[in-house]
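Both of the next two complexes hold chain A, though its partner changes from chain B to chain C.
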Partner chain A sequence: MDDIRTALAILAILIGTGFSLIGVIGFIRLPDVYTRLHATGKVSVFGVVLLLVAAALITPVGAGRAAVLILLLIIGGPTASHALTAAAWRAGIKPRGTIRDDLERDHPREP
Partner chain B sequence: MGYVWTILAVTAAYLALTGNLAVNNILVGVLIASVIALLLRPTRSPVELRRVPRSLLALLQYGALLAYDIIRSGLNVARIVLDPKLPIRPGILAVPSECETDLGIALSSHALSVTPGEIVVGVDQEGTLYIHCLDASHAADTIGEAQALRRRLLSRILE
Partner chain C sequence: MLQQVLVVVLNVALAIHIGLIGISVYRLWRGENLVDRLIGADLVTTLMLAILVLIALIELNALYIDVALGLAALGFVGAIALAKYIADERMF
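Showing the complex of A and B:
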(Lines of atoms letter the chains of each structure in order from A and count residues from 1; the text may use other names and numbers.)
(Lines give C-alpha, C1' and ligand atoms only; values in the text may rest on other atoms or scores of the structure.)
Protein backbone atom coordinates (compact mmCIF):
# COMPACT_ATOMS: atom_id res chain seq x y z
CA MET A 1 0.00 0.00 0.00
CA ASP A 2 2.81 2.38 0.96
CA ASP A 3 4.65 1.46 -2.24
CA ILE A 4 1.66 2.36 -4.42
CA ARG A 5 1.26 5.60 -2.48
CA THR A 6 4.92 6.53 -2.96
CA ALA A 7 4.80 5.59 -6.65
CA LEU A 8 1.71 7.80 -7.18
CA ALA A 9 3.39 10.66 -5.31
CA ILE A 10 6.54 10.38 -7.44
CA LEU A 11 4.41 10.36 -10.60
CA ALA A 12 2.53 13.47 -9.40
CA ILE A 13 5.81 15.22 -8.54
CA LEU A 14 7.29 14.42 -11.97
CA ILE A 15 4.23 15.61 -13.91
CA GLY A 16 3.74 18.62 -11.62
CA THR A 17 7.37 19.73 -11.97
CA GLY A 18 7.12 19.19 -15.72
CA PHE A 19 4.10 21.48 -15.99
CA SER A 20 5.75 24.13 -13.78
CA LEU A 21 8.78 24.00 -16.08
CA ILE A 22 6.55 24.30 -19.18
CA GLY A 23 4.92 27.35 -17.54
CA VAL A 24 8.33 29.03 -17.21
CA ILE A 25 9.36 28.08 -20.78
CA GLY A 26 6.07 29.55 -22.03
CA PHE A 27 6.68 32.73 -20.05
CA ILE A 28 10.03 33.18 -21.82
CA ARG A 29 8.91 32.22 -25.33
CA LEU A 30 5.50 33.89 -25.67
CA PRO A 31 5.46 37.46 -27.05
CA ASP A 32 3.31 39.71 -24.79
CA VAL A 33 1.61 40.15 -21.38
CA TYR A 34 -1.64 38.47 -22.40
CA THR A 35 -0.14 35.33 -23.94
CA ARG A 36 2.46 35.02 -21.16
CA LEU A 37 -0.28 34.96 -18.53
CA HIS A 38 -1.72 31.89 -20.27
CA ALA A 39 1.50 30.03 -19.57
CA THR A 40 2.29 31.20 -16.02
CA GLY A 41 -1.20 31.68 -14.61
CA LYS A 42 -2.74 28.40 -15.67
CA VAL A 43 -0.17 25.79 -16.58
CA SER A 44 1.77 26.59 -13.41
CA VAL A 45 -1.34 26.35 -11.20
CA PHE A 46 -1.90 22.91 -12.73
CA GLY A 47 1.68 22.00 -11.72
CA VAL A 48 1.33 23.28 -8.16
CA VAL A 49 -1.95 21.36 -7.70
CA LEU A 50 -0.16 18.12 -8.65
CA LEU A 51 2.68 18.91 -6.21
CA LEU A 52 0.07 19.42 -3.47
CA VAL A 53 -1.49 16.05 -4.34
CA ALA A 54 1.96 14.48 -3.91
CA ALA A 55 2.40 16.29 -0.58
CA ALA A 56 -0.97 14.97 0.62
CA LEU A 57 0.10 11.42 -0.32
CA ILE A 58 3.50 11.18 1.36
CA THR A 59 3.86 13.99 3.91
CA PRO A 60 1.79 14.56 7.07
CA VAL A 61 0.00 17.56 5.45
CA GLY A 62 -3.25 15.59 5.32
CA ALA A 63 -5.87 15.26 2.61
CA GLY A 64 -8.25 17.84 4.11
CA ARG A 65 -5.65 20.58 4.27
CA ALA A 66 -4.45 19.80 0.73
CA ALA A 67 -8.06 19.87 -0.55
CA VAL A 68 -8.68 23.33 0.95
CA LEU A 69 -5.38 24.63 -0.49
CA ILE A 70 -6.18 23.18 -3.95
CA LEU A 71 -9.64 24.81 -3.84
CA LEU A 72 -8.10 28.19 -2.89
CA LEU A 73 -5.49 27.86 -5.68
CA ILE A 74 -8.17 27.00 -8.25
CA ILE A 75 -10.20 30.05 -7.18
CA GLY A 76 -7.23 32.41 -6.75
CA GLY A 77 -5.10 31.52 -9.80
CA PRO A 78 -7.59 32.48 -12.54
CA THR A 79 -8.71 35.54 -10.54
CA ALA A 80 -5.13 36.80 -10.41
CA SER A 81 -4.54 36.25 -14.15
CA HIS A 82 -7.85 37.94 -14.97
CA ALA A 83 -6.95 40.92 -12.75
CA LEU A 84 -3.55 41.23 -14.48
CA THR A 85 -5.00 41.08 -18.02
CA ALA A 86 -7.74 43.58 -17.12
CA ALA A 87 -5.11 45.92 -15.61
CA ALA A 88 -2.87 45.53 -18.68
CA TRP A 89 -5.78 46.33 -21.00
CA ARG A 90 -6.75 49.43 -18.97
CA ALA A 91 -3.13 50.57 -18.95
CA GLY A 92 -3.35 50.60 -22.77
CA ILE A 93 -1.09 47.66 -23.56
CA LYS A 94 -2.07 46.31 -26.98
CA PRO A 95 -2.09 42.53 -27.51
CA ARG A 96 0.59 41.66 -30.06
CA GLY A 97 -0.07 39.78 -33.30
CA THR A 98 -3.82 39.33 -32.80
CA ILE A 99 -5.92 37.89 -35.62
CA ARG A 100 -9.06 39.62 -34.25
CA ASP A 101 -9.87 41.95 -31.34
CA ASP A 102 -13.57 42.18 -30.49
CA LEU A 103 -12.87 44.23 -27.36
CA GLU A 104 -11.17 47.01 -29.35
CA ARG A 105 -14.02 46.85 -31.91
CA ASP A 106 -16.87 47.11 -29.34
CA HIS A 107 -15.22 49.28 -26.69
CA PRO A 108 -12.45 51.36 -28.28
CA ARG A 109 -10.11 52.89 -25.71
CA GLU A 110 -9.76 56.65 -25.27
CA PRO A 111 -6.77 57.84 -27.31
CA MET B 1 -30.42 31.61 6.80
CA GLY B 2 -27.61 33.47 5.07
CA TYR B 3 -25.53 33.25 8.24
CA VAL B 4 -26.01 29.49 8.63
CA TRP B 5 -24.47 28.62 5.25
CA THR B 6 -21.50 30.91 5.82
CA ILE B 7 -20.88 29.44 9.29
CA LEU B 8 -21.15 25.86 7.97
CA ALA B 9 -18.76 26.52 5.08
CA VAL B 10 -16.16 28.35 7.19
CA THR B 11 -16.33 25.69 9.93
CA ALA B 12 -15.83 22.93 7.34
CA ALA B 13 -12.78 24.75 5.94
CA TYR B 14 -11.39 25.27 9.47
CA LEU B 15 -11.82 21.58 10.36
CA ALA B 16 -10.20 20.51 7.09
CA LEU B 17 -7.24 22.82 7.74
CA THR B 18 -6.71 21.77 11.37
CA GLY B 19 -7.48 18.10 10.73
CA ASN B 20 -8.76 17.64 14.28
CA LEU B 21 -12.36 16.50 14.88
CA ALA B 22 -12.35 16.79 18.71
CA VAL B 23 -15.43 18.49 20.22
CA ASN B 24 -13.30 21.38 21.57
CA ASN B 25 -11.88 22.06 18.12
CA ILE B 26 -15.33 21.96 16.47
CA LEU B 27 -16.59 24.52 19.03
CA VAL B 28 -13.60 26.80 18.34
CA GLY B 29 -14.31 26.43 14.60
CA VAL B 30 -17.97 27.42 15.01
CA LEU B 31 -16.91 30.39 17.17
CA ILE B 32 -14.40 31.64 14.59
CA ALA B 33 -16.90 31.04 11.76
CA SER B 34 -19.58 33.02 13.65
CA VAL B 35 -17.24 36.00 14.09
CA ILE B 36 -16.36 35.89 10.38
CA ALA B 37 -20.05 35.59 9.41
CA LEU B 38 -20.88 38.64 11.56
CA LEU B 39 -18.20 40.65 9.79
CA LEU B 40 -19.79 39.83 6.39
CA ARG B 41 -23.05 41.20 5.08
CA PRO B 42 -25.85 38.64 5.38
CA THR B 43 -26.63 37.40 1.86
CA ARG B 44 -29.67 35.56 0.60
CA SER B 45 -28.68 31.96 -0.04
CA PRO B 46 -28.77 31.32 -3.81
CA VAL B 47 -29.98 27.75 -3.25
CA GLU B 48 -33.20 26.64 -1.56
CA LEU B 49 -32.83 23.89 1.02
CA ARG B 50 -35.06 21.30 -0.69
CA ARG B 51 -33.10 21.67 -3.91
CA VAL B 52 -29.71 20.96 -2.27
CA PRO B 53 -29.40 17.29 -3.47
CA ARG B 54 -30.07 18.23 -7.12
CA SER B 55 -27.74 21.23 -6.84
CA LEU B 56 -24.98 19.06 -5.36
CA LEU B 57 -25.32 16.54 -8.20
CA ALA B 58 -25.10 19.32 -10.80
CA LEU B 59 -22.15 20.81 -8.87
CA LEU B 60 -20.29 17.47 -9.03
CA GLN B 61 -20.95 17.24 -12.78
CA TYR B 62 -19.75 20.84 -13.14
CA GLY B 63 -16.56 20.02 -11.19
CA ALA B 64 -15.87 16.95 -13.35
CA LEU B 65 -16.42 18.98 -16.54
CA LEU B 66 -14.07 21.67 -15.21
CA ALA B 67 -11.36 19.14 -14.30
CA TYR B 68 -11.60 17.55 -17.77
CA ASP B 69 -11.36 20.99 -19.44
CA ILE B 70 -8.35 21.99 -17.30
CA ILE B 71 -6.40 18.82 -18.14
CA ARG B 72 -7.29 18.81 -21.87
CA SER B 73 -6.45 22.46 -22.48
CA GLY B 74 -3.40 22.26 -20.15
CA LEU B 75 -1.90 19.60 -22.42
CA ASN B 76 -2.89 21.69 -25.45
CA VAL B 77 -1.08 24.80 -24.14
CA ALA B 78 1.95 22.68 -23.18
CA ARG B 79 2.09 21.39 -26.77
CA ILE B 80 1.86 24.94 -28.20
CA VAL B 81 4.60 26.24 -25.86
CA LEU B 82 7.00 23.38 -26.63
CA ASP B 83 6.44 23.53 -30.41
CA PRO B 84 9.58 25.00 -32.07
CA LYS B 85 7.42 27.10 -34.43
CA LEU B 86 5.26 28.48 -31.54
CA PRO B 87 1.94 28.19 -33.45
CA ILE B 88 -0.11 30.85 -31.65
CA ARG B 89 -2.86 32.92 -33.26
CA PRO B 90 -3.91 35.17 -30.36
CA GLY B 91 -7.08 37.23 -30.39
CA ILE B 92 -9.82 38.66 -28.19
CA LEU B 93 -13.27 37.15 -28.80
CA ALA B 94 -16.67 38.40 -27.63
CA VAL B 95 -18.84 35.61 -26.20
CA PRO B 96 -22.28 36.36 -24.71
CA SER B 97 -22.48 34.82 -21.22
CA GLU B 98 -26.32 34.52 -21.37
CA CYS B 99 -26.44 34.44 -17.56
CA GLU B 100 -28.93 36.69 -15.78
CA THR B 101 -27.29 36.78 -12.34
CA ASP B 102 -23.97 38.30 -11.31
CA LEU B 103 -23.02 34.99 -9.67
CA GLY B 104 -23.67 33.14 -12.94
CA ILE B 105 -21.46 35.57 -14.89
CA ALA B 106 -18.73 35.35 -12.23
CA LEU B 107 -18.75 31.53 -12.25
CA SER B 108 -18.74 31.42 -16.07
CA SER B 109 -15.77 33.75 -16.30
CA HIS B 110 -13.97 31.72 -13.62
CA ALA B 111 -14.55 28.52 -15.61
CA LEU B 112 -13.26 30.22 -18.76
CA SER B 113 -10.21 31.68 -17.02
CA VAL B 114 -9.26 28.48 -15.19
CA THR B 115 -8.84 26.55 -18.45
CA PRO B 116 -5.43 27.32 -20.00
CA GLY B 117 -5.58 29.05 -23.37
CA GLU B 118 -8.40 31.41 -22.43
CA ILE B 119 -8.46 34.44 -20.10
CA VAL B 120 -11.43 36.73 -19.53
CA VAL B 121 -10.15 40.30 -20.06
CA GLY B 122 -13.41 42.07 -19.26
CA VAL B 123 -17.19 41.96 -19.02
CA ASP B 124 -19.44 44.72 -20.38
CA GLN B 125 -22.83 45.99 -19.22
CA GLU B 126 -24.78 43.43 -21.30
CA GLY B 127 -22.85 40.50 -19.80
CA THR B 128 -20.70 39.89 -22.89
CA LEU B 129 -17.40 38.26 -21.93
CA TYR B 130 -14.27 39.37 -23.76
CA ILE B 131 -11.88 36.43 -23.85
CA HIS B 132 -8.22 36.47 -24.84
CA CYS B 133 -7.37 33.16 -26.58
CA LEU B 134 -4.01 31.69 -27.53
CA ASP B 135 -5.65 30.22 -30.65
CA ALA B 136 -8.54 32.41 -31.75
CA SER B 137 -8.87 30.99 -35.28
CA HIS B 138 -11.58 28.45 -34.53
CA ALA B 139 -12.05 29.03 -30.81
CA ALA B 140 -15.28 31.07 -31.13
CA ASP B 141 -17.50 28.06 -31.86
CA THR B 142 -15.97 25.71 -29.28
CA ILE B 143 -16.07 28.38 -26.55
CA GLY B 144 -19.70 29.18 -27.41
CA GLU B 145 -20.64 25.49 -27.17
CA ALA B 146 -18.76 24.98 -23.90
CA GLN B 147 -20.40 28.12 -22.50
CA ALA B 148 -23.90 26.82 -23.42
CA LEU B 149 -23.17 23.51 -21.66
CA ARG B 150 -21.83 25.30 -18.55
CA ARG B 151 -24.79 27.69 -18.49
CA ARG B 152 -27.22 24.74 -18.42
CA LEU B 153 -25.34 23.13 -15.51
CA LEU B 154 -25.06 26.47 -13.66
CA SER B 155 -28.78 27.14 -14.00
CA ARG B 156 -29.44 23.68 -12.49
CA ILE B 157 -27.10 24.52 -9.59
CA LEU B 158 -28.38 28.01 -8.86
CA GLU B 159 -32.10 28.13 -9.70
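Showing the complex of A and C:
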Protein backbone atom coordinates (compact mmCIF):
# COMPACT_ATOMS: atom_id res chain seq x y z
CA MET A 1 0.00 0.00 0.00
CA ASP A 2 2.86 2.31 0.89
CA ASP A 3 4.52 1.79 -2.50
CA ILE A 4 1.37 2.82 -4.34
CA ARG A 5 1.18 6.02 -2.34
CA THR A 6 4.83 6.82 -2.98
CA ALA A 7 4.46 6.13 -6.70
CA LEU A 8 1.41 8.41 -6.89
CA ALA A 9 3.27 11.09 -4.96
CA ILE A 10 6.20 10.92 -7.37
CA LEU A 11 3.82 11.26 -10.30
CA ALA A 12 2.07 14.24 -8.68
CA ILE A 13 5.39 15.98 -8.01
CA LEU A 14 6.56 15.51 -11.59
CA ILE A 15 3.32 16.80 -13.08
CA GLY A 16 3.26 19.75 -10.63
CA THR A 17 6.82 20.71 -11.50
CA GLY A 18 5.91 20.41 -15.17
CA PHE A 19 3.07 22.87 -14.71
CA SER A 20 5.34 25.29 -12.87
CA LEU A 21 7.86 25.05 -15.70
CA ILE A 22 5.18 25.69 -18.33
CA GLY A 23 3.84 28.63 -16.32
CA VAL A 24 7.22 30.34 -16.02
CA ILE A 25 8.08 29.72 -19.68
CA GLY A 26 4.71 31.25 -20.54
CA PHE A 27 5.48 34.20 -18.28
CA ILE A 28 8.68 34.85 -20.25
CA ARG A 29 7.62 34.09 -23.79
CA LEU A 30 4.11 35.49 -24.10
CA PRO A 31 3.72 38.91 -25.76
CA ASP A 32 1.53 41.04 -23.54
CA VAL A 33 0.27 41.39 -20.00
CA TYR A 34 -2.98 39.52 -20.33
CA THR A 35 -1.50 36.37 -21.83
CA ARG A 36 1.22 36.44 -19.22
CA LEU A 37 -1.41 36.56 -16.49
CA HIS A 38 -3.01 33.54 -18.08
CA ALA A 39 0.28 31.66 -17.80
CA THR A 40 1.11 32.58 -14.22
CA GLY A 41 -2.38 31.61 -13.10
CA LYS A 42 -1.56 28.03 -14.02
CA VAL A 43 1.54 27.90 -11.83
CA SER A 44 -0.22 28.79 -8.65
CA VAL A 45 -3.26 26.58 -9.14
CA PHE A 46 -1.94 23.41 -10.76
CA GLY A 47 1.72 23.45 -9.75
CA VAL A 48 1.42 23.95 -6.02
CA VAL A 49 -1.85 22.07 -5.62
CA LEU A 50 -0.35 18.93 -7.16
CA LEU A 51 2.65 19.23 -4.88
CA LEU A 52 0.25 19.50 -1.95
CA VAL A 53 -1.54 16.38 -3.13
CA ALA A 54 1.82 14.63 -3.05
CA ALA A 55 2.43 16.04 0.42
CA ALA A 56 -0.92 14.72 1.62
CA LEU A 57 -0.08 11.31 0.12
CA ILE A 58 3.34 11.03 1.71
CA THR A 59 2.73 12.59 5.13
CA PRO A 60 -0.87 11.69 6.08
CA VAL A 61 -0.29 13.63 9.33
CA GLY A 62 -0.23 16.93 7.42
CA ALA A 63 -3.12 15.97 5.12
CA GLY A 64 -5.60 18.25 6.91
CA ARG A 65 -3.34 21.29 6.56
CA ALA A 66 -2.58 20.44 2.95
CA ALA A 67 -6.33 20.31 2.26
CA VAL A 68 -6.82 23.77 3.79
CA LEU A 69 -3.96 25.15 1.72
CA ILE A 70 -5.34 23.53 -1.46
CA LEU A 71 -8.71 25.16 -0.78
CA LEU A 72 -7.09 28.57 -0.20
CA LEU A 73 -5.04 28.29 -3.40
CA ILE A 74 -7.97 27.20 -5.54
CA ILE A 75 -10.04 30.14 -4.30
CA GLY A 76 -7.25 32.72 -4.04
CA GLY A 77 -5.27 32.05 -7.21
CA PRO A 78 -7.86 32.79 -9.85
CA THR A 79 -9.25 35.67 -7.79
CA ALA A 80 -5.86 37.38 -7.66
CA SER A 81 -5.32 36.82 -11.38
CA HIS A 82 -8.74 38.28 -12.12
CA ALA A 83 -8.04 41.33 -9.96
CA LEU A 84 -4.71 41.87 -11.69
CA THR A 85 -6.29 41.61 -15.13
CA ALA A 86 -9.02 44.08 -14.26
CA ALA A 87 -6.43 46.46 -12.82
CA ALA A 88 -4.26 46.17 -15.93
CA TRP A 89 -7.24 46.87 -18.19
CA ARG A 90 -8.40 49.86 -16.14
CA ALA A 91 -4.84 51.18 -16.03
CA GLY A 92 -5.00 51.48 -19.79
CA ILE A 93 -2.96 48.56 -21.10
CA LYS A 94 -4.11 47.52 -24.58
CA PRO A 95 -4.16 43.77 -25.36
CA ARG A 96 -1.72 43.26 -28.21
CA GLY A 97 -2.76 41.56 -31.44
CA THR A 98 -6.52 41.89 -30.91
CA ILE A 99 -8.93 43.23 -33.56
CA ARG A 100 -11.42 44.95 -31.25
CA ASP A 101 -11.98 45.45 -27.52
CA ASP A 102 -15.56 44.54 -26.56
CA LEU A 103 -15.10 45.71 -23.00
CA GLU A 104 -14.05 49.11 -24.33
CA ARG A 105 -17.22 49.28 -26.43
CA ASP A 106 -19.61 48.23 -23.65
CA HIS A 107 -17.98 49.98 -20.69
CA PRO A 108 -15.67 52.77 -21.89
CA ARG A 109 -12.89 53.48 -19.41
CA GLU A 110 -13.72 56.39 -17.13
CA PRO A 111 -10.83 58.95 -17.48
CA MET B 1 13.83 1.38 -3.58
CA LEU B 2 10.88 3.61 -4.32
CA GLN B 3 11.86 5.80 -1.36
CA GLN B 4 15.20 6.69 -2.95
CA VAL B 5 13.44 7.55 -6.20
CA LEU B 6 11.14 9.83 -4.22
CA VAL B 7 14.05 11.64 -2.53
CA VAL B 8 15.80 12.12 -5.89
CA VAL B 9 12.60 13.42 -7.51
CA LEU B 10 12.06 15.82 -4.62
CA ASN B 11 15.54 17.26 -4.89
CA VAL B 12 15.30 17.59 -8.66
CA ALA B 13 11.95 19.38 -8.29
CA LEU B 14 13.46 21.69 -5.69
CA ALA B 15 16.37 22.53 -7.99
CA ILE B 16 13.98 23.19 -10.88
CA HIS B 17 11.84 25.51 -8.78
CA ILE B 18 14.87 27.46 -7.56
CA GLY B 19 15.99 27.84 -11.18
CA LEU B 20 12.49 29.02 -12.12
CA ILE B 21 12.60 31.64 -9.37
CA GLY B 22 15.91 32.88 -10.77
CA ILE B 23 14.46 33.16 -14.26
CA SER B 24 11.31 34.95 -13.14
CA VAL B 25 13.30 37.39 -10.95
CA TYR B 26 15.46 38.21 -13.98
CA ARG B 27 12.33 38.72 -16.08
CA LEU B 28 10.79 40.77 -13.26
CA TRP B 29 13.89 42.97 -13.26
CA ARG B 30 13.43 43.73 -16.94
CA GLY B 31 9.61 43.99 -16.95
CA GLU B 32 8.44 46.65 -19.39
CA ASN B 33 5.58 48.03 -17.32
CA LEU B 34 4.33 48.01 -13.78
CA VAL B 35 1.80 45.21 -14.08
CA ASP B 36 4.49 42.91 -15.48
CA ARG B 37 6.59 43.44 -12.42
CA LEU B 38 3.61 42.86 -10.20
CA ILE B 39 2.81 39.60 -11.99
CA GLY B 40 6.44 38.61 -11.55
CA ALA B 41 6.26 39.28 -7.83
CA ASP B 42 3.09 37.21 -7.59
CA LEU B 43 4.77 34.43 -9.55
CA VAL B 44 7.83 34.46 -7.27
CA THR B 45 5.54 34.19 -4.25
CA THR B 46 3.82 31.18 -5.76
CA LEU B 47 7.12 29.51 -6.61
CA MET B 48 8.31 30.18 -3.07
CA LEU B 49 5.16 28.44 -1.89
CA ALA B 50 6.00 25.42 -4.04
CA ILE B 51 9.53 25.36 -2.61
CA LEU B 52 8.14 25.43 0.93
CA VAL B 53 5.91 22.47 0.20
CA LEU B 54 8.86 20.62 -1.32
CA ILE B 55 10.95 21.30 1.77
CA ALA B 56 8.07 20.03 3.88
CA LEU B 57 8.26 16.81 1.85
CA ILE B 58 12.03 16.49 2.04
CA GLU B 59 12.23 17.17 5.78
CA LEU B 60 8.99 15.17 6.39
CA ASN B 61 7.95 17.93 8.79
CA ALA B 62 4.40 19.29 8.46
CA LEU B 63 5.43 22.63 9.99
CA TYR B 64 6.50 23.98 6.59
CA ILE B 65 2.98 23.52 5.24
CA ASP B 66 1.79 25.94 7.91
CA VAL B 67 4.43 28.42 6.78
CA ALA B 68 3.23 27.92 3.21
CA LEU B 69 -0.33 28.58 4.38
CA GLY B 70 0.73 31.91 5.87
CA LEU B 71 2.67 32.86 2.75
CA ALA B 72 -0.28 31.94 0.50
CA ALA B 73 -2.68 34.09 2.52
CA LEU B 74 -0.34 37.10 2.61
CA GLY B 75 0.66 36.74 -1.04
CA PHE B 76 -2.95 36.65 -2.08
CA VAL B 77 -3.91 39.73 -0.03
CA GLY B 78 -0.82 41.56 -1.29
CA ALA B 79 -1.69 40.88 -4.91
CA ILE B 80 -5.23 42.13 -4.43
CA ALA B 81 -4.05 45.31 -2.65
CA LEU B 82 -1.51 46.16 -5.33
CA ALA B 83 -4.03 45.43 -8.09
CA LYS B 84 -6.40 47.89 -6.49
CA TYR B 85 -3.59 50.44 -6.19
CA ILE B 86 -2.86 50.16 -9.90
CA ALA B 87 -6.46 50.32 -11.04
CA ASP B 88 -7.38 53.51 -9.21
CA GLU B 89 -4.28 55.61 -9.82
CA ARG B 90 -2.63 55.94 -13.25
CA MET B 91 1.06 55.88 -12.51
CA PHE B 92 2.66 55.37 -15.88
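Methods note: the second predicted complex is superposed on the first by the 103 of 111 C-alpha atoms of A that agree within 3 Å, B and C clash if a C-alpha of one lies under 4 Å from a C-alpha of the other, contacts with A are read in each partner's own complex, and residues count from 1 in each chain.
In this text, a contact is a pair of C-beta atoms (placed from the backbone, for glycine too) under 8 Å apart; a residue touches a chain by one contact, two chains touch by 3 or more.
These numbers come from a predicted model, not from an experiment.
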item: Chain B versus chain C as contact partner of A:Gly92, first or second or both or neither; value: second
item: Which superposed partner A:Arg65 touches (first chain B, second chain C, both, neither); value: both
item: Touched partner set for A:Ala54, first chain B, second chain C, both or neither; value: second
item: Partner chain in contact with A:Leu14 - chain B first, chain C second, else both or neither; value: second
item: Touching both chain C and chain B, counted on chain A across the two superposed complexes; value: 37, 43, 62, 65, 68, 77, 79, 86
item: Chain B residues touching chain A - in the complex, by the definition given at the top; value: 13, 15-17, 19, 70-71, 74, 77-78, 81-82, 86, 88-94, 109-110, 113-122, 124, 128, 130, 132, 134, 136-137
item: Residues of chain C defined as touching chain A within the complex; value: 2-3, 5-6, 9-10, 12-13, 16-17, 20, 23-24, 27, 33-36, 38-40, 42-43, 46-47, 49-50, 53-54, 56-57, 60, 62, 65-66, 68-69, 72-73, 76, 79-80, 83-84, 86-87, 90-92
item: Residues on chain A engaged by chain C in the complex (per definition of touch); value: 3, 6-7, 9-10, 13-14, 16-17, 20-21, 23-24, 27-28, 33, 36-37, 40, 43-44, 47-48, 51-52, 54-55, 58-59, 61-62, 65-66, 68-69, 72-73, 76-77, 79-80, 83-84, 86-88, 90-93
item: List of chain A residues in touch with chain B within their complex; value: 19, 22, 25-26, 29-32, 34-35, 37-39, 41-43, 45-46, 62, 64-65, 67-68, 74-75, 77-79, 81-82, 85-86, 89, 95-104, 106-107
